[in-house]
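Accompanying notes for the structure given below.
We just call them A, B, C, D, E and F in the order they show up, numbering each chain from 1.
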Amino acid sequence: MSDIDWTPISGAVLPRYAGVPSFMRLPQIAPDDPRAPEVEIGLIGMPWDGATSNRPGARHGPRGLRDASTMIREMNRSTGQLPFSAARCADMGDVAMSPVDQDEALEAAEATVASMLSNDIRPVMVGGDHLCTLTVLRALRKHRGEAFGLILLDSHTDLYPPYFGGKTLTHGNPFRQAIEEGCIDPHRTFMAGMRGTSYNTSDFDYGREKGVHILPIETCMERGWSSVMDEARAVAGGGPVYVSFDIDFIDPAYAPGTGTPEVGGPTSFEAIQCVRALRGLDIIGTDLVEVSPPFDPSGNTSWLGVSVLFELICAMQP
Amino acid sequence: MSDIDWTPISGAVLPRYAGVPSFMRLPQIAPDDPRAPEVEIGLIGMPWDGATSNRPGARHGPRGLRDASTMIREMNRSTGQLPFSAARCADMGDVAMSPVDQDEALEAAEATVASMLSNDIRPVMVGGDHLCTLTVLRALRKHRGEAFGLILLDSHTDLYPPYFGGKTLTHGNPFRQAIEEGCIDPHRTFMAGMRGTSYNTSDFDYGREKGVHILPIETCMERGWSSVMDEARAVAGGGPVYVSFDIDFIDPAYAPGTGTPEVGGPTSFEAIQCVRALRGLDIIGTDLVEVSPPFDPSGNTSWLGVSVLFELICAMQP
Amino acid sequence: MSDIDWTPISGAVLPRYAGVPSFMRLPQIAPDDPRAPEVEIGLIGMPWDGATSNRPGARHGPRGLRDASTMIREMNRSTGQLPFSAARCADMGDVAMSPVDQDEALEAAEATVASMLSNDIRPVMVGGDHLCTLTVLRALRKHRGEAFGLILLDSHTDLYPPYFGGKTLTHGNPFRQAIEEGCIDPHRTFMAGMRGTSYNTSDFDYGREKGVHILPIETCMERGWSSVMDEARAVAGGGPVYVSFDIDFIDPAYAPGTGTPEVGGPTSFEAIQCVRALRGLDIIGTDLVEVSPPFDPSGNTSWLGVSVLFELICAMQP
Amino acid sequence: MSDIDWTPISGAVLPRYAGVPSFMRLPQIAPDDPRAPEVEIGLIGMPWDGATSNRPGARHGPRGLRDASTMIREMNRSTGQLPFSAARCADMGDVAMSPVDQDEALEAAEATVASMLSNDIRPVMVGGDHLCTLTVLRALRKHRGEAFGLILLDSHTDLYPPYFGGKTLTHGNPFRQAIEEGCIDPHRTFMAGMRGTSYNTSDFDYGREKGVHILPIETCMERGWSSVMDEARAVAGGGPVYVSFDIDFIDPAYAPGTGTPEVGGPTSFEAIQCVRALRGLDIIGTDLVEVSPPFDPSGNTSWLGVSVLFELICAMQP
Amino acid sequence: MSDIDWTPISGAVLPRYAGVPSFMRLPQIAPDDPRAPEVEIGLIGMPWDGATSNRPGARHGPRGLRDASTMIREMNRSTGQLPFSAARCADMGDVAMSPVDQDEALEAAEATVASMLSNDIRPVMVGGDHLCTLTVLRALRKHRGEAFGLILLDSHTDLYPPYFGGKTLTHGNPFRQAIEEGCIDPHRTFMAGMRGTSYNTSDFDYGREKGVHILPIETCMERGWSSVMDEARAVAGGGPVYVSFDIDFIDPAYAPGTGTPEVGGPTSFEAIQCVRALRGLDIIGTDLVEVSPPFDPSGNTSWLGVSVLFELICAMQP
Amino acid sequence: MSDIDWTPISGAVLPRYAGVPSFMRLPQIAPDDPRAPEVEIGLIGMPWDGATSNRPGARHGPRGLRDASTMIREMNRSTGQLPFSAARCADMGDVAMSPVDQDEALEAAEATVASMLSNDIRPVMVGGDHLCTLTVLRALRKHRGEAFGLILLDSHTDLYPPYFGGKTLTHGNPFRQAIEEGCIDPHRTFMAGMRGTSYNTSDFDYGREKGVHILPIETCMERGWSSVMDEARAVAGGGPVYVSFDIDFIDPAYAPGTGTPEVGGPTSFEAIQCVRALRGLDIIGTDLVEVSPPFDPSGNTSWLGVSVLFELICAMQP
């Protein structure tokens, strides 16, 4: 065992705005660092927005989230958890994803996650746009040898058919692709929060035909988020599950800094409760994607994003 | 019939941020265009804030809303409507309203709407400050020959008595003026969302004396918006009705870019539900006013504004 | 009696954006002005952020709030109150607090409040960071000769133990210090809205051991704010009580401009209702703190802040 | 003599961001205050943009400039002047100019200046848009009984012919109108800094025909600003002269917050030197107009504006 | 001949902020419009940033520039030109460039320019990132059958060797690629304004070896821009020449909204003079690239960008 | 020797916006790291603004500058230097300076620098406000045993007498204090760029009496910056010298993000040339202070700041 200090330095010692900003002030341990095998939960940045159909900027997400994350303190007041004491967590850096070559970028990302998995590190991916998630799902699928469940909190299904003249790899397609490639089990796939205008019904149609549970926002609001999350657990919770959180799940009043906002979403309180409801599931990996700092003049989106990340890390722990 | 393509080009073909931004990528057909009679629903901009008592900038509303509107897709996911297929909609441009002469500005606006009405085009007015609405009401009154109902979603009644030393034409007076001029039937006039500090009770007093139904925000919150809209339909729905939506109806957390915000308003989800509840009424015209882009650093207000506009257009359809 | 005009000039006479911005356009009467004894409720600015552990800027709070406050009109529509007619209110200026010497700053602030109290002026303090509140509590304690109740609406308890190597005077400590110094009666101290990550449980432990009633946000959301405020009145209301309102009580979507935001808070509507529920208590002083204009690009926070201030002043009146 | 303290409180006593922001912390003395006759130089705000042809917001100019002005210290380091000791200066408040009635607004403004002149107070007008200047020129003309010289630093001549269908009172016309009305002597009128696209040559043609000296920016840059100002003194300096400074004279990199910016202008250093070169002239009044805070996210424009104002006040003194 | 009105509507008739914003209010004529052959100078948007190595957002450039461009008036005051009367100019829309497939995007762009050239329309390309320029150069090369000269005003040479593991198509490579492909004649290629840190000297080495004239900023500042442009004309002017203007040529104080700013550049005045010095050359096409509105909070960059565009169009005319 | 890789990873491998942002992507080696003795030039952050008299936020300077610094490439194009190859440079982190206790903060900072000096590391301090410089000067004085020269590029002398009732430790006093304490030799102290309003002449009087060479901005502009820097070298260069660069030296159009801007300063080009002129001096330490990210909406100030930092590091090398 190395002599790594796994506990982030307290804001009561080094003020929260000070110091080189690793994620949540965790130790910086690259995936190829000899100490990597000691890591249990690894935060890995994917600063890439090469599959973005609308406003770009998610490539700046990991930077913005690292900056905001030094405001996180040690304890989850509501649950009493001390997540960085309970597990050895690390900032494993950012994948060097080419901004000009989609194939290379995706391969590099998948390879990095594969390397983490080979060391039994559970990945917490910090996007980047939503296509980044596909690289994690692919690596997990290869590593595990079988499909797993998925819980998606998002305003879009990301199940769209090919786009822009036949492209299957945009940030509107990852979960369709993941189903086609056998990464996720559609019958154990749960999606909530969908809203906004749509091109047509092909994403819902595809999903429902495959067996995906999709809850539009009206249904969520009517049932209440507690009930929604009960359903999520029932659908996806009977085995290993991946959790993907798109920041545009939350209403743009709370999270303006994203590429494709949709009005009429949940509050930050509701979103946090949703994440807390995941605790106890067998979460094999998770992500927070689509934070775009150039569209976030108040900084609220990054701050909310890291608050969600913190809760996701807590939810991965008993 | 001309060979106009009434369907906006899809964001999956031309990315949503590309192209000259007409409202929702609709065809551009001026009121005096020979093809105007083919239009059924016409979006007309009134880039004017000459009646604004507080922060200006609503003159930039149509520009800001056109820019944001290219993010709108074809289908209303919640209702299943395809509003641009169901009716021939067009961007009819902006009225040339003088920024320095109120009389000329109002006359030009009313004349433009009158010209649209003469072609049986239902107006969707995009403001501009709230006095712009009066020009639509006047044109409708003259065209129809009788008063009609009004549903107002707003944080203010805009029923104030003369202002700034006797001015009856400010953005705080349009509906008082519309009642005085016989444009709207006060007994079929419904207003909800009123809040904030006030000069006195003269606006409420006037309205209630005339028979207007006014629901302050506390009443709305207590009853729930579904019940509020039932009442709106009951009061105003028994005949032709005009719907006016002031963006300051919604809480400034959601819509900061407006001239006279008032804290303590509904969420974007609630606002959207209110608009959807209007479907089925005989809506003879509608508007979205008071979006002021200079006070909207995140762009959220324009985005929410066009989302409301889209729902208004859907509500006008069966 | 002097010939002071205590009624703010109406926005219908002098537009709301015009004129030298005193708080709510009230007369400017310094604490050492010979007319000071005529004042009943005095707004006093404490432009100081020298105890801020995170993002600074609360020193600009009084300026930002004065600017926004000219948008306040005379009447509280919801309660019917005319607060500036019911009591003689004044803008008593800002304390000259040294930005580089904490001791001097706190002494100057306490002395100013003491001077106000000697004239029987109820203080409405406009921060400034939350340590400013301690100066008001100290002055009140000395003036009254005994401890009093406290109602705190905040996302933090500000009951933390010494900080940064033993500092008892930071904006995380004022109420612990106030309890230690006997200013407030812990058994009549009520706190609601607490949330976010924490260093540990020492603040809750300390408070509860002393008898303070602390309601975390989850409890508040579950019970409803009306019930929460009933409890506040029951706990703190049996005698003179001070009300402290930290703008970070409200969710950062509504109030981004603050130094230490915490996601997952109440809406502006809920916050306003909480303040209104205080009416009828024997409020001996109040404050609104932690507004930081440099982090408030839309101006929403200042506007919400003065709306809260207005309601606080109303709540101080029968 | 009253006991007014004419010296602004020092930033070394009350921090510069503190206190109710009168212009440069000068005493607040309204034009109808009994002490008004003691004032020698009066700063008067005209928060009005009702003649603005492009982006509005100059109505917020006096507020923005008051806020920035508390950063001004007592001494002009370069010239050694102590302008607030050398003359009794005061903040005389803002004129109550109707935002919805141009005639009333202009009359109120002229009347206020007339009242100042009747007390031998030299006006320093703080706009507001450039049409506000006409009200000062009219009042001066009536008070003095004869035309006077003018020095204009601006990117536009504001000599345009009627606009928007015959309007002679827009912010593009004041000096044409002032010539037509005999307020200023065209042969003693000097204008420098003109640039940008134009509708046509009618403004230059008109001016030159009347005898106005107009220097386009290319001429200024070629000759150097020192030579330009020598010419200004030669043309306009042989008698009483009014100085009008439009903030858009300066390049928008320095002053983005204005309604009609034109690229390719002088630097702030050059602009300050221009104002200093005016010292010694018989300046009967001056103004700084067209600062529009809503378009000034960094606050630079207001800060540069008050720096120019300070230099203008210094230039009015021996 | 069609009945197109080629003269943009005046801002004195329709206020400058009003109307659907085509580039400079020119008629909208798509490359495949039957009226396209009437166009002489065509503005074509390339809303694409898929080759951007640093901050994205140039995809929003055409939108931002269209919005700002309605502030352009008819006449170039300095040169007396009326560019939209002298040539038939049109807004030819934006190319539908895939945000997720570089090859398709570049092909679509080149095909569009080729179509314009087949109608003898001189292209004015509005980027987008600098790789967009390569598509214009390729189309011109194919259309003309031989290489031509190039004048580049930029802070970078864009002559870098392959990047990110061998990519030849990034926004750092277009002119190297254009030389390799024989589009431009390196001996008639002139570049000025280069500055900032660099990876190494390979771009300068390559260029100089090929015969390109490269003037770093220090040389420009020392010689003066007039002399620099004399050299540009001497090097590149003896035949057909393409002019490429990267907004990052200008100092970021003037043009912050760009992906890869470099401090220490020319002023807007100097930049405008540089463009004017091109008049009289045989300009076969031109562009303005790398404006990134998300990084332009004041809007200055778009405004400066369209001012440069206007001067480029003027420079293309006799 | 350890196996540290001293060369920052290239932006052509890991995109410039990616990765944990240490200063200029240098290795992170804390002052107490066993590898610290290998460092030759150490960048040390002082995230502290506890001596700021006006707008705060310099505590966020090191964070903002680290973020911007990843845009720096390896080579100084103008000088051909490869500063990170020529010397072993490191990011030594931030000092844990108490935001609430000035004495402790200053002691911690001085101790950190002392520790660096004991390892023969030349300090490059990144502020923080200008009082932070005093801690470096004190440590250098103690380490060297004698006074040294100083070159200050700033808009203020920071030679003010005690402030706010006798405080000698504000950001307006460090060089007076440094002279009083014998840290710097006043006869080898050179200051250029002074401008703006002043409280009085006491700072100039004090400095000149002590023998300090002070050049106000007007003198600099008249002589030219090259001549100014020749004088700087003549005055201060005959021995070891410290270089302090306050970002407010540069005009606020270029650097708005600072606490006490003064209009009328040099351009970024001029500022960079000034720093380059320092090369060859015996620079024993340097700093860049007063960058305040909360007042820097475009990010220009941080970007210009790191460009200056890079040039300072180059100037420290042969």
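Just so we're on the same page, a residue touches a chain if its C-beta (ideal position, glycine included) is under 8 Å from a C-beta of that chain, and two chains touch if they have at least 3 such contacts.
Composition by chain, UniProt nomenclature: A, B, C, D, E, F = Agmatinase.
Being a predicted model, the structure only gives us computed values, none of them experimental.
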Graph separation of subunit A (Agmatinase) and subunit D (Agmatinase) (steps between touching chains): 2
Both-way neighbours, i.e. chains that touch subunit E (Agmatinase) and touch subunit A (Agmatinase): B, F
Chain whose Cα centroid lies at the greatest distance from that of subunit E (Agmatinase): C
Magnitude of the superposing rotation for subunit D (Agmatinase) and subunit F (Agmatinase) (Cα, nearest 5°): 120
For subunit E (Agmatinase) paired with subunit F (Agmatinase), centre-to-centre distance based on mean C-alpha positions, whole Å: 38
Geometric centre distance via CA averages, subunit E (Agmatinase)-subunit C (Agmatinase), whole Å: 55
Touching two or more other chains - residue numbers and ranges from subunit C (Agmatinase): 13, 15, 17, 53, 55, 59-60, 98-99, 163-165, 251, 253, 267, 295, 297-298
Pairs of chains satisfying the touch condition: A-B, A-C, A-E, A-F, B-C, B-D, B-E, C-D, C-F, D-E, D-F, E-F
Subunit E (Agmatinase)-touching residues of subunit A (Agmatinase), taken from the complex the two chains share: 49-53, 55-57, 59-60, 98-102, 104, 163-165, 167, 169-170, 294-295, 297
Complex contact set, residues of subunit A (Agmatinase) against subunit B (Agmatinase): 53-55, 163-165, 194-201, 216-218, 221, 251-253, 256-257, 260-261, 263-265, 267, 295-298
Residues of subunit D (Agmatinase) that touch subunit C (Agmatinase) when the two form their complex: 13-15, 17-22, 28, 45, 47, 59-60, 62-63, 66-67, 91, 93-99, 297
Subunit C (Agmatinase) contact footprint on subunit A (Agmatinase) (complex, rising order): 10-13, 15-17, 71-78, 80, 251, 253-254, 267-269, 272, 297-300, 303-304, 307, 310
